[in-house]
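Two complexes come next, and they have one chain in common, subunit A, joined by subunit B in the first and subunit C in the second.
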Partner chain A sequence: MTLLSTSLNALGLLLLTHAVYSAHEHTTLTPTSPSTTSLSAKLPFDITLELLSSVLLICIGVVLASPDLKPIQWSKWAGKLEREGRKEVREGEIQEGNPYLQLEVRKGFLDIREKRKEFADWVRKGATSLS
Partner chain B sequence: MLDERELAISPIVQSSVQHNAQTISNIRNLTASLFGVAAGTLGLESYPGFIFYLIGSFVVSTLIFALRAEGKPSEYFHQPLGDLWGGDVVSGLSSFVLTWTLFYGLVRA
Partner chain C sequence: MSASLLDPPPHISPQTALYLSQQAPHILKSSPTSSLPWPLSLLFTSETPETWAVHENLLLSCLRTGDDKSARLCLDRMIARFGDDNERMMALKGMYEEATAVDKAGLEKVLKEYEKILAADPTNMAVRKRRIALLRSMSRPADAIAGLVELVDSSPTDAEAWAELSDLYVSQNMHAQAIFSLEEVLLITPNAWNVHARMGELLYLSATASASGATLKGITESMRRFCRSIELCDDYLRGYYGLKLTTQRLLSLLSTHPKPSHATTDPTVGDLAAPSIVTVQKLHELATTKLAEIIRRGSSKEAGWSGYDQAELIAARELLDRDAQKIER
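Coming up: the complex of A and B.
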């Protein structure tokens, strides 16, 4: 999508520059008299067409280059985030993760017997090493 | 009352609303200057120029509607009519007039 929008923008800017330059040349080369009222009446049709098509191309390019819109309803937004998973948070970006992550990822219960056993082993080992 | 209750049932994410408004505002500012270039080069004067801007803004809104909002503006905007179709049209008018007069003078001179 970025390649498409970049190429559209580049082509549009090229055409726009050419059209504006052509219009400028046209007005400098044609003699102006007080009787001619409007510039648009005597601007050639191909320049007008080139100008309008280039503007349309740049508009499409700009819209395509813009970042994706985010859904505003909480349910859809959270659902989308959850489906996409947790993304890498870059510097300067608003941190957005799964809003229910703290509910979903929690520590289990502490295995108190295992801990007690570990402690007892450590005490025994320490006692033997000390003596 | 009904609106408040609806908001309580399906709450709205403030950061997404801001992000969408920012995106629309960026697009509008860029395209407004672009339309100014086109209007100045075409040599439009007074009302036709403003009508050109309005038509251009409508085209851009349609592009956003089709390409970015995927035809469902109510999913991305709280008020689709005000935020998508009419959002920042007036604020882009100043940059439009700026480039319009600039390019009118450049090409005409």
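Coming up: the complex of A and C.
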């Protein structure tokens, strides 16, 4: 998908630049004296077409390159969190798990002595299983 | 291992704690605050808001792994930055003293210290919570409950305190009070799907412990709570597990009591009627199929399904296997 959107964007930008340049050339090369009719001063149809199609291509490319939409329904969003759990999406950016887990962990009431004992037991268990 | 000190996971396993506390030398190596006088110190400091969150989490994991020296250093730095009379620093300092207390007398001293702080400033919530946690840790649950009741009385919108109170009541086998406290949590956070599931579990426990007359009502209520948790969260393993457990129980109960005593909704009390056996059957089937799907996709770690806890998956598989054996017999 990224290759497609990048190539569409590149092509669109190229066409856009070309169309703008052609329009500029056209205005400088056509004489703008009042004697000429307005018909010849009009922009040629192919330049207009090129411009419009380039804008369309860029639009499609940008939409394709956008990241996935996030779920806006509560149950879908919550289900996504449960299924995927806590994980690192990108470097330094963590997708949070269930935000209500705090109500079951309760940091303010942390029983530090219990946790220390748990860790000491874990170390002892590891030591006996190794020896 | 994706565990950073800035944003550690809520449940820290001993391995994670060890990994986190091993980063202590690296973090403590350089001082975040600058020693230059005031206007210059603003320009030449590497301090960011994250610095202090990292220090706090480092303090907690060092205390957990018994690295008291690094913990002391973290604490000293934070006290130097925020002052001795900062509420959060007082609580962290108390926690450090709790962790390093060697005997009961030491703990009593910390408790006295907490009470002295609270006598001076009863609105210090962080220290009030520490005091309750310490009481609980010293196996004095009655005092802890009394303290918590006082706390929720003065701060009734503290969901964390209500949840702790509910947990304390469960540890004392006071299910009715525990359920009441959890209802208060749900009033504050009505969308918390795990609290709904917890409520279902408590109702199930109290229903199985109570006399036979109230069992049907309790299990029905529990089933409804699990349904709500699933409604709030698709593919919620805990919710479906509870739903399967309760519907299984209800099916056997409803088949032995073919005519429930109150077939319709009672308008005076507001009790809902017991569900029909067909509804329960359907819910049971739904729970079984969903559990099977979650186990299948969760244990094969399909893309986007890798977040389930392994122990929970194993427990769910056991529940399904037990059910399958019953059918074979």
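Going forward, the second predicted complex is superposed on the first by the 76 of 131 C-alpha atoms of A that agree within 3 Å, B and C clash if a C-alpha of one lies under 4 Å from a C-alpha of the other, contacts with A are read in each partner's own complex, and residues count from 1 in each chain.
One rule holds in what follows: contacts are C-beta pairs under 8 Å (C-beta built on N, C-alpha and C of every residue); 3 or more make two chains touch, one makes a residue touch a chain.
Please read these numbers as outputs of a predicted model, since none were measured by experiment.
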So, A:Lys115: does it touch subunit B (first), subunit C (second), both, or neither? second
First, second, both or neither for A:Thr48, with subunit B first and subunit C second: first
Of the two partner chains, subunit B (first) and subunit C (second), which one does A:Leu56 touch, if any: first, second, both, or neither? first
Check the residue A:Leu3 against both partner chains and state whether it touches subunit B (first), subunit C (second), both, or neither. neither
Quick check for you: in the superposed arrangement, does A:Leu29 touch first (subunit B), second (subunit C), both or neither? neither
Which of subunit B and subunit C A:Ser66 touches, first, second, both or neither: first
In the overlaid three-chain picture, which partner chain does A:Arg106 touch, first (subunit B) or second (subunit C), both, or neither? second
On subunit A, positions contacted by subunit B and by subunit C: 74-76, 94
Taking the complex as given, what residues does subunit A use to touch subunit C? 74-76, 78-88, 92, 94, 97-98, 100-116, 118-120, 122-123
Hey, which residues of subunit B end up touching subunit A in the complex? 10-13, 15-17, 19-20, 23, 26-27, 30-31, 34-35, 37-38, 41-45, 48, 56, 59-60, 63-64, 67-69, 75-78, 103, 106-108
Complex contact set, residues of subunit C against subunit A: 2, 4, 7, 9-11, 14, 17-18, 60, 63-66, 95, 98-99, 125-126, 129-130, 132-133, 136-137, 159-161, 163-164, 167, 185, 189, 191-195, 198, 231-237, 298, 304-308
Name, in rising order, each residue of subunit A that touches subunit B in their complex. 16, 19-20, 23-24, 27, 38-40, 43, 48, 51-52, 55-56, 58-60, 62-64, 66-77, 94, 96
